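Chain nomenclature is as follows: A, B and C, assigned in order of appearance, with residue numbering initiated at 1 for each chain independently.
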Amino acid sequence: MTEALLEVRGLRKSFGGVAALRDGRFRLEPGSVHALCGGNGAGKSTFLTIVMGIQQRDAGTILRNGKEVSFVGPSEALAAGISIIEQELNPVPAMSVAENIFLGREPLARFGRINFASMNAAAQALLDSLRFQIKATTPMMDLTVAEVQLVEIAKALSYDAEVIIMDEPTSALGEAEADQLFAAIKTLKDRGKGIVYVSHRLSEIFNIADSYTVFRDGQFVGDGKIADVRREDLIQMIVGRPLAEEFVKENQPGAEVVLSVRGLNAQHGVRDISFDIHRGEILAFYGLMGSGRSEIFERLFGLTPDLGGEIRLDGQSIRLSSPAEAIARGFAFVTEDRKGSGLVLAADVRANVCMASLGALSMGLAMNTRREASAAQAMIEKFGIKTASDRLEVSGLSGGNQQKVVLGKWFLTQPRVLLLDEPTRGVDVGAKREIYRVMSDFAREGGVVILVSSEIDEVLGMADRVIVLRGGQVSGEIDRTGLSAEKLVHLAA
Amino acid sequence: MKNVFKAMVAACALMTALPATAEAKLKIGAAVYGLNAEFMQIWAAALKNHPAVKSGLVDVTVFDGKYDALTQQDQFNTMITQGYDAIIFVPIDVEAGAAAVQAAHDAGIPVFGSNTRVNSKLLTSYVGSDDVKSGYMEAKYVLDKIGCKGNVVVIEGPIGQSAQIQRLEGNKKALAECPNVKVLEDKTANWSRAEAQTLMENWLTAHPGEINGVIGQNDEMALGAIEAIKGAKLDVKSFAIAGIDGVTDALLAVKAGNMASILQDGAAQAQGALDLAIASKMPDYKPMSDIWKQYPDMPWADGKAAEYSVPWTPVTAENVDALLALRK
Amino acid sequence: MIQSKPVASRSASDLAAAYGRKYGILIALIVVCVFLTFANEYFLTGRNLLNVLRQTSINGILAIGMTFVILTRGIDLSVGSVVALAGVVSASLATSSVNAMVPGGPYPTVVAFGVGILVGMACGAISGWVVSRFNVPAFVATLGMLSAARGMTLLYAGGKPVPELTDEYRWIGTADVLGIPMPVVAFAVIFLVAFWVLSATRFGRHVYAVGGNPHAAKVSGISISRIRLLVYVISGGLAGFSGMLLAARTGSALTQAGIAYELDAIAAVVIGGTSLGGGIGKVTGTVIGALLIGVMNNGLDLMGVESYYQQVIKGALIVAAVMLDQARHREA
């Protein structure tokens, strides 16, 4: 066996007497992609913060190239060649790509002036060597999310990093953009770098990783080569119990048309969208980033202005000019960006759950506090939200529980049409299944679900029918019987 | 910049509208520290009502310094560029404005001080009232009323401003004559009625039944003290209270018998300065304002004296109605 | 990245620190009061405490309005100028002095009060409209109003004070109800109403939602522009009312009234624990913050401490309060 780039043994860390990590083990070989798997609260984040020197360990050994190390602060980890690309990227938007890469260590010319020529040249050389199609002088704010990530990777390499940690790098990317990232990861591998890859998306892990390590409840569970493990077994290791099925689908579409859309236009060039949805049906929109999926939802929910087209609910033509009106018509919208537009993070569970139903929960001007409390309790029970009290801030909940709070908020409005935009993003495998169960039950009781998802598996697993979008227009429609990943990708690209 | 623009527009308009007379008319600028408070408005109104202005002998432009020394300096530069014949100057503070006076002097424009002195030897002449004297007068009134014994409090202006320094000097001079009077508290209320009211409320609590007199360095603060006394359900008339300036509210309070005030004649300061400014440009000019008759103690002296001291007028029950009538 | 600490695991010292952060301002107020009680024999007397409340009432009322605005991530820098404008306009309707230049006066006190509050609300409505309709940052919109309202005050009054207010008008500033001064009664009533509005009404929930996350509030069917408009109207209306209280208390409406009052109001809100980032804060905290400022000013006056110290201490307090707020955020 070659010497590991990074090896961790017996890592332990507790907070206020409760162990967040008991026996963290990990071994990263050069030129490999190693997936770090586990549900929310498994100890992955604690593990990474210790490796990066953000927190100090209680016990355990960290070996870098066989030598024991101990970092105080991320700058020491960086100096030792360990770099992290965070889930939420923090570029300086008004600065150029080159300036971002060399932030804080700009090459200087005489009189302390920044030598822009040599900085831009160095940055461009670096980007070209990685085969990234990005100009070093472009302002950061003009880049897509994926390109920003590529710049972060370039930045990490400019520090001579050998170990690159990627935390949920594809959570904000579409399929094509993710492919761009995977190509970059292969380039890194070929250069002998080691990549720690953290993701909830199993298909990605099976696509690019060479080996895996699973944590559960702060404990090392197992590791091995990806080639030697089956998908079901990996899921079982992550969840801790056998999952009968990854997806839950028990609904049966009816014949009666509930929602009918004709010639709908929306922002960013979305033109002439027409479709019908039947009682009890789960319809999916599939397409790349920028194909207009989210724009259709925003228009249906009254968040963007009416640009033409007809919407009929139960055969009756309706105008949807504000979210309040859409809610009153029975629409509910679980947005793609949970923290950005789904939740008030600083507010408690109760306030978030009740937020879209305040009218129904009040008498005149005053709120009926008792009904608010019982409504919140009902949703906590319905979705099994793990929280000690409905008065705790949602910022303290895990991603899966936060998503359940969002679902609770919308189920409280007693919706008929559920718009779900990437409902399982950043949610662990266990919670995902519960969300699928909710979708299925809702449709079975006669509701209508429209799903937008970048995960092909999810679309294949849940949809009764798929409408594929390309460049703001419908490029095809496939029934469940004829559904396949190849067709989806073919129609979308 | 805005003022420069305004002045330019005004100058252009003047030149085109009155081509014949414009050259003969004297152009006099008045740079005052700020026009927000009542006192300077009376001053400015008196300037515009001067007989020489009404008869068309001179043109007067008043520049609002907006309580900023730098703004005043810019306005001086404007007047120099515009070729004003003379400048009347009311600086924000004694120490601020010497540079502006220097610039005008270098351009050959005479500068006349009014109301507030400026620490410069280059002033052609100054018309004002001696703050030390007013401080002495108001303190003297309070001390006389309490029979030169007992306790007083002093409410001061913003520490370091010339009026505060000089009025305090006058206060102390009078207090020195009554060694049996104790100053319980002295603190600034920044010329503000609301601040003085809070201060006095707290002092009445800290020294219950001990305060006999209140020396307010201006009327606003004395009025604030009166409101505090009323609020504490005490009899205002059992206190000796005095202020300086003679603002309208203070005149009303004097009429009601609640306080004494020393009127600073801003109108006389303004008109006197204008007469001096005209005289410096027209050698055979005779002063047109009535003030020279009103104050025989302040002789005209052919407009050549370096300093003219406008006497203070104690506001009394006898003259208060006449003074109030002037305000309407 | 960093996992939050599990709730159940807090040790005693953690718990004490958490309570310190939550009740820090109240504890500070109590400590200052206890200190002053021993330092000055007159501090803990009924009359002095009423004085403190009376001196706090105007800043307290402004700070309550400011709390609504800051909760929605806004700021209202115009309150000091609105105090002057509403005071002068309303007083001019309730004086027998010809200085006011309002023919036919004095009008009934109710009319004068109503007009004053309406003037304040109108100023707030303009700021709120500019903020919510045109997305102008609140700092800029209300900075504009700060200047414009002061200018309108001087225009309206011609720079002169409005004296000789009628006794009925002055009643609200000088009268007592069961021994409690009217400004204090008004302060208490406004506090109770604001407390109820923020904690128990739909509008209150909307305010917290808009401040906590405007996008989420919008998606939840809340009209954020309506809420943003209304909080400025509330702040303006309370500033208008404060202007009348001030005029009634001092006996005449001055054009220079209220200068820099916005800073004390913001200080009270911030000291009271409301986050400038919006969505977090309580009106009780604001009132305690205002009382803390009031008690310190009063105490330092009683002890004969130079007033410049008061400014230094207040500055330190504001910064300390925000440091506390930051510590609270890091914990979350």
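Just so it is clear, a residue touches a chain if its C-beta (ideal position, glycine included) is under 8 Å from a C-beta of that chain, and two chains touch if they have at least 3 such contacts.
As the structure is a computational prediction, the values presented were derived from the model and not from experiment.
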Contact graph of the chains (line, ring, star, complete, other): line
Chain whose averaged C-alpha position falls nearest the assembly-wide average: C
Centre-of-Cα separation between chain C and chain B, whole angstrom: 35
For chain A paired with chain C, centre-to-centre distance based on mean C-alpha positions, whole Å: 43
Centre-to-centre distance between chain B and chain A (centres being mean Cα positions), rounded to whole Å: 71
Set of chain A residues in contact with two or more other chains: none
Two or more partner chains touched - positions in chain C: none
Complex interface listing, chain A residues touching chain C: 15-18, 20, 41, 45-46, 48-49, 54-55, 86-87, 167, 301, 303, 322-324, 326-327, 333, 335, 337, 340-347, 351, 354-356, 358-359, 362, 365-367, 369, 388, 392-393, 395-396, 409
Footprint of chain A on chain C - complex, ascending: 1-11, 14, 196, 200-206, 208-209, 212-213, 215-223, 275, 279-280, 332
Touching residues on chain C, where the partner in the complex is chain B: 40, 42, 45, 47-48, 51, 54-55, 98-99, 154, 158-161, 163-164, 174, 181, 246, 249-252, 254-257, 297-298, 301-302, 304, 306-307
Parts of chain B lying in touch with chain C, wherever the complex brings them together: 35-38, 41, 185, 187-188, 192-194, 197-199, 201-203, 205-206, 208, 220, 223-224, 226-227, 230-232, 247-249, 252, 327-328
